[in-house]
Structures are given as structure tokens and as C-alpha cells.
């Protein structure tokens, strides 16, 4: 297990084992992590998976999700695969 | 180097001083505390220069762990320098518990923890409650056991500042106060020896039951706080949360999941006491 | 490992089971804050600390209204002497009082200088501790 | 010296009384060897109070190791598009390569080495990934760029961690001229794509760091690194390889002296032909062990001498005078 996750309220605390860093995150970060499981997905695929469980504004959804994923990648929570 | 050793809760200190007087003052105030043989940390009160050992003596705080920006203190405040040195060793070195910058008192085997910025009154409140039927557990650091989550006492001398000195002189027993230190960087300071029972029970932990964030100077009130705010404030109140890694995360999340928390505002000690008692009674 | 896994799974399932609206945040707004070591917190309350204005890296320079180190002859800048202010004095100045021995504008410039301190520079640890305990 | 004895022969601590333990722990903290000592003493019977202190040191060493390896990974990700080798140095390298020297070791800033010609590229990539300059002092900056073997230090704005980017292991102004190109070429790849120096070069860098570069502050820890690096080599041709490479890098005297001192202080097993006597070694050893039971530095004159020597070694005399002048004038 790479992450320890503790929901607090609207925010969630995530402990990242490898770095030893705790991140306090808001939606949709925990939801993205959960929907990804251990798989490699494109941001389109993640939007699709989120759509199954959640309602959200479709405008900008893909770019917003991509921005969140960039942020997670910058912190080493996700790894960007080059294709 | 003159030497003095003291055991406070789980931590043993060795204090070395270039002057005799600070060692005598420490021995007097810590007379009821045990003397350890092996010290966890060494603190050194040294002259800032050879001249400053004799003329307008100036005390540099050194030790196993030091901070680069530390300012020296005049010899008359050497007691304060020793306390700062010991606190610094804990803040920078301690890794055996999750260390929170907070005060704590105990009743019926359960601990009340108070945390907040300096000036919030957490130290004075713990001293006051310690005179009113609670067991004083510490006014500066709260140590959370990494396995059980219990509060481990660290009942060092209580450091009273400015107006709280007068308030406590009216409450606490005579003969338990240190000398009045004037014009320190934090104003007037006077040390108070915790009650004898609190010192005797300094190895007895207690399970945390209530967390308070006191604020002094506002109309009496009780407020809820969001768990995420508690989490962030406690990580910032801890000097070793990050270094403890996973153990720190687990101890902190367990604490937040199990201990109710409130913010309280007060303008007078009696108001705070009433709020504390009311919240404490509501627990059961 | 069992309880870790439980913590992990329960955590994620709690936020994910029922169908509801999901906030995606806004463009340019961060969704993550990382916890930094807070040894700083203790520095001010545990130890009496001080901040030189300027530190050794700025000796012989003036400080302008924005707190930047500038050459001595820069118009509108304030001379410095490496005088040390205590954490408590700086804290008070950040709340609006002037630093001892300075005019209002001078004090503002000095405080701005202190705000720009970076890790590794003299006085930074002290300043960092003030930010947190305010 | 108490600390040296305990590291060399952990069972010697069985004879310590309470004051002896307290002194040993204070010395070990002052030399940043408490974590190493904790590893050396693990499994041995020690007083309960001591075992708690040593466990604390292990927890802290683990934290430093985790942070250092993560910082290396952050640098790796920042430099993922850079095609040249990124070589980890010192503590982080030992940890990443799983070497004995990293056991319990204190690890501070991240040190990496890249080809000199690529410094601007690497600098730009790090700045783009959130690192910032620590100093905004024009003199220091120019000094670094003209005379040093590294970029001025950078700090990451989110993680508050420093990185030193080197292009060789000694300042270009120092008299020995190590061959950085060969060092880079022979660096060996780790699994994640970062590099570490070859075994011989690691020992050479460590010896250089100890003797040709610094004022011997924290020298006992440095020498412990050397002890571990020399002990861990098992290839039969290691010693001849070490000598020829050190000679090639112009650093054979430093390597030889470091090996002799490791042998004398820590009992390192070195070739018998290397165990020669040198009258000046005594000064080095007295400087390395200048620490009292309170963890205070002792022998101030000897310390001063080595301080002056460290600057002397790094710069030609005229430049040195200029440097000390500027440094002195800048004192507040």
C-alpha cells in the first residue's frame, strides 16, 4: 500500500509512504485516486469512470481533471506515462 | 563546568553551566524531581565570550541540539536560558512520542489537552486547573504514546508570564515560586513548581478525552472546529510529526478520530474554568 | 498491514459510495496542501530568537520600501546597520507597531525585508516560527 | 577517544558507566554519528535509558534516509528530459546504492554531479520544477560561478530542501585537478536511472571531501564513510585500482592519508604497504578527535590552523587574501 488515507471532512489526509509527506487534499483528488486503482488511465478515461458515480459540471471537466492530475504528478502521487 | 541533572517525565537532562548560580537555582526549584544517571540530552549555558563570563555576563544556550538564531540572555535570566535549552532539546530531538506544543491536565484517569498560539493562555489554564483538583501533566509539551495514544506527562516547571504571575500567586502555595525574572524577551517570567502529586505521578499516562483550543481576550464562547482544521493545526503544533513518518500519521489520525475538540473563548480565568468543567461534564 | 489496508479502503469507500455532486475545483486553484516540518513553531515560543536586518549577505546595503536589498545611494531606501530585532519585536511590528528605534516607513521596509527572507539566510528560522505562531 | 573506540569495537561500551554513556552520546550527537552508533550497537546489551536514545536515533536516521531518497527522486523527475548522467553523491548515493556507509548515517542536502557543459540546462530544469536560489548576493554568486565546483545552492520552495549541483569534486582553483569527465563516464546506473560513482571513485571523493576540501569539521563521520567504503570492497584488484585512479585524479596523497587514518582510528583493513608512518598524521588525528565529554569542540588553535588550511588548499594565495578580505568586511 502506497498511501494511507484518512477522510476528515470535505478534506482528506493522505500519507504517502515513500516520501513520508502528508498531503491534505480536497475533492476530487481522493475520488481520482480511488477510481484509478492501480491502473494507468488517460484523463478521458478517468472522467468516464467518475461520471459513473458522480454528477459534475461537464464544462471544463477534462481540463480540470487534467490540472488536478498534473498537480498530483508534481508531488509524486501519480506517475506520468509518456506514450 | 558546573553540572545539574534532572528527570522530567520520560526525559533526562544534564545541564552544564559556566557559572555556579544557575545550577543552584535549578537544584532548588527541581528539588522534588528524580536525578537520572544517564542523560538523554545535554544543555550547556556558556559565556558568549571570555569577557562576558565576568563582565555583564551573557549566557549562550548550547547543547546537543541548537538553533542558529538563538539570542543570548543576561546571567540574571539563566534559569530561563536553562528552560529554553531543555525545551529546545525536546522540540528538536524527541522521537519517542508524537510531541505536541500543548498543555495537559488529568482527572479520573482521562486527560484534557489545550493547545494554541502563545498568549492563548494554555499554560496558565493548566497551572490553574492543577490547583483545582486536576493533576497537572505539562504546560509546554504533550507527548502522545505511539502505540497506545495515551498522554505521557512532561511536568516541567510552569513558566508564568506577566499578568498570570499575579493570578497564580493568589492561587498556588507559597514556597513553590522561583525568582521573578524581569525584562526577559517575553516580559516578566516567574517559574512555579508543579504540585508535589503531579511530580510524583509523572510516569503515569492518561488517555486523552478532550482537546481544547483556548483563545484569551474574547467574550465567553464555545465553537466547533472542522476535523481538517484540527489536523492541520496539530501538525503545526508538533515539532516531530513529519520526522515520525507513518507512526506520526497514525497517532495523529487516531487522536482526531477519538478525541472530541472545541475552541473556547474567554476573558477571565473563572470563565475558562466554567467552560472547561461544563464541557468535561458533557463528556460522560 | 491489515489495519493499514483497512484504513486505506474504508477511507476511499466512505468518500465514494453514494452518487452525488463532485466538486472539481477551479482552474488555477490548488487542491493539495502538503504538511511541512513545523520545528519552526517551537523556535519562537521555546527559544528567544533574533533577526539581523540585514543578515551578513546584505551588509553595506540599503533596504527599499519593498524590502529589497539595494545599493547605499538608492533614493527612497533606508540605511541598515545589521541591528538585531528579537522575534517578539518583529511579531509586534507585523501587527502594526514600529520596530524599536525606527520610523514608521523604515519599520515597514525592514518588515518587508524580513518577509522576504529565505531558508538558509540569517534570521529565517526565527521568522518562520513567527508566521506560524501568529 | 570514547566515540572512536565505540565505533571501532562496539563491545568496548560494556565497560562504560553512566557518565561514560552520557559523554559518548553527547560526542556522537556533536559529530552527527549518533545514528551510526545506534546501528553499530544494535543487538548489544546496553542500559535501558541508552537503548531508548539509540532507538530514537534510528527513527531519525530512517526519516533522513526517506527524505533524502525522496529528494533524489524529485530531482530525477525534474531532470527526466535531461539526457546526460545525473550522479548522486555522498550520503544520498550511499543510501540509494544500499551501502554500509549509509546505515544510520546523517544525510543533509542533496548533492548531484552533472557534466560542466550541461550546468545551464540542469539549472533551468531545476528552476522550472520549483527550486529557487538561496542567496541573492551578487558577490557570492559570481564567486560560485567563477571559482567553485558547484552552482550556488538552490532550495525547493515547497519542500524546503537544498540541492548542490556539482560539475567536479573540487573547486577548479584547488591544486589537484580531478578528471571529472572520467568520473562521470565510469559512474554506474541505479535501477531508477540515476547514477552513483564507481566504487573507487566513491572512496576517492570521500577522501577528497575529508582532506583536500574541508577544515575537517565533522571529519569523524567522513572518515567513517571511508572506513565503510574501503571495508565493503571485495574485488581483489580494488586496492591497485584505487591507487591508479587516485593517481590519475591527482588525489593519491589524500586517499593514502585517509586510508591510513581510517586504519589508525577505525582499524580499517588496508594493504600492509599502505600502513606507513607519517608525523603529520598525528595532527589530523588530534584535530578529528577534538571533542570533550560535553560534546564541545576542543583544541581551538589546532582548529584555527585547519580552518586556514582549508582556505589555503582551495585557492591561490592572492585570491585567498581577497576572499578573506571580502568575507571579513562583510561581517556585521
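Note that the chains take the letters A, B, C and D in the order they are written out, and that residue 1 is the start of every chain.
Methods note: a contact is a pair of C-beta atoms (placed from the backbone, for glycine too) under 8 Å apart; a residue touches a chain by one contact, two chains touch by 3 or more.
Remember, predicted model here, so these are calculated numbers, not experimental data.
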item	value
Pair exhibiting more inter-chain C-beta contacts, B-D or C-D	B-D
Identity of the most central chain, Cα criterion	C
Averaged-CA centre spacing for the pair subunit D and subunit B, given as whole angstrom	38
Rounded Å distance, subunit C centre to subunit D centre (Cα mean)	31
CA centroid of subunit B to CA centroid of subunit C, Å	25
Subunit A and subunit D, separation of their C-alpha mean positions in angstrom	39
Per-residue multi-chain contacts in subunit A, two or more chains	4, 6, 20-22, 24
Residues of subunit B touching at least two other chains	232, 235, 241-243, 245, 253
For subunit C, residues contacting two or more additional chains	7, 33-37
Category of the chain touch graph - line, ring, star, complete, other	complete
For the subunit A and subunit C complex, residues of the former touching the latter	1, 3-7, 12, 21-31, 33-35, 50, 53-57, 60-61, 63-65, 67-68, 71-72, 75
Interfacial residue positions of subunit C with respect to subunit D in the complex	34, 36-37, 52, 55-60, 69, 81-82, 118-121
Subunit C partner contacts - residues on subunit D that touch it in the complex	132, 134-137, 140, 153, 155, 158-160, 162, 329-332
Subunit B residues within the subunit D interface of the complex	1, 10, 12, 14, 16, 36-40, 42, 44, 62-65, 93-96, 242-245, 247
Subunit D residues within the subunit B interface of the complex	18, 21-22, 25-26, 29-30, 47, 49-50, 52-53, 55-56, 59-60, 62-63, 66, 294-296
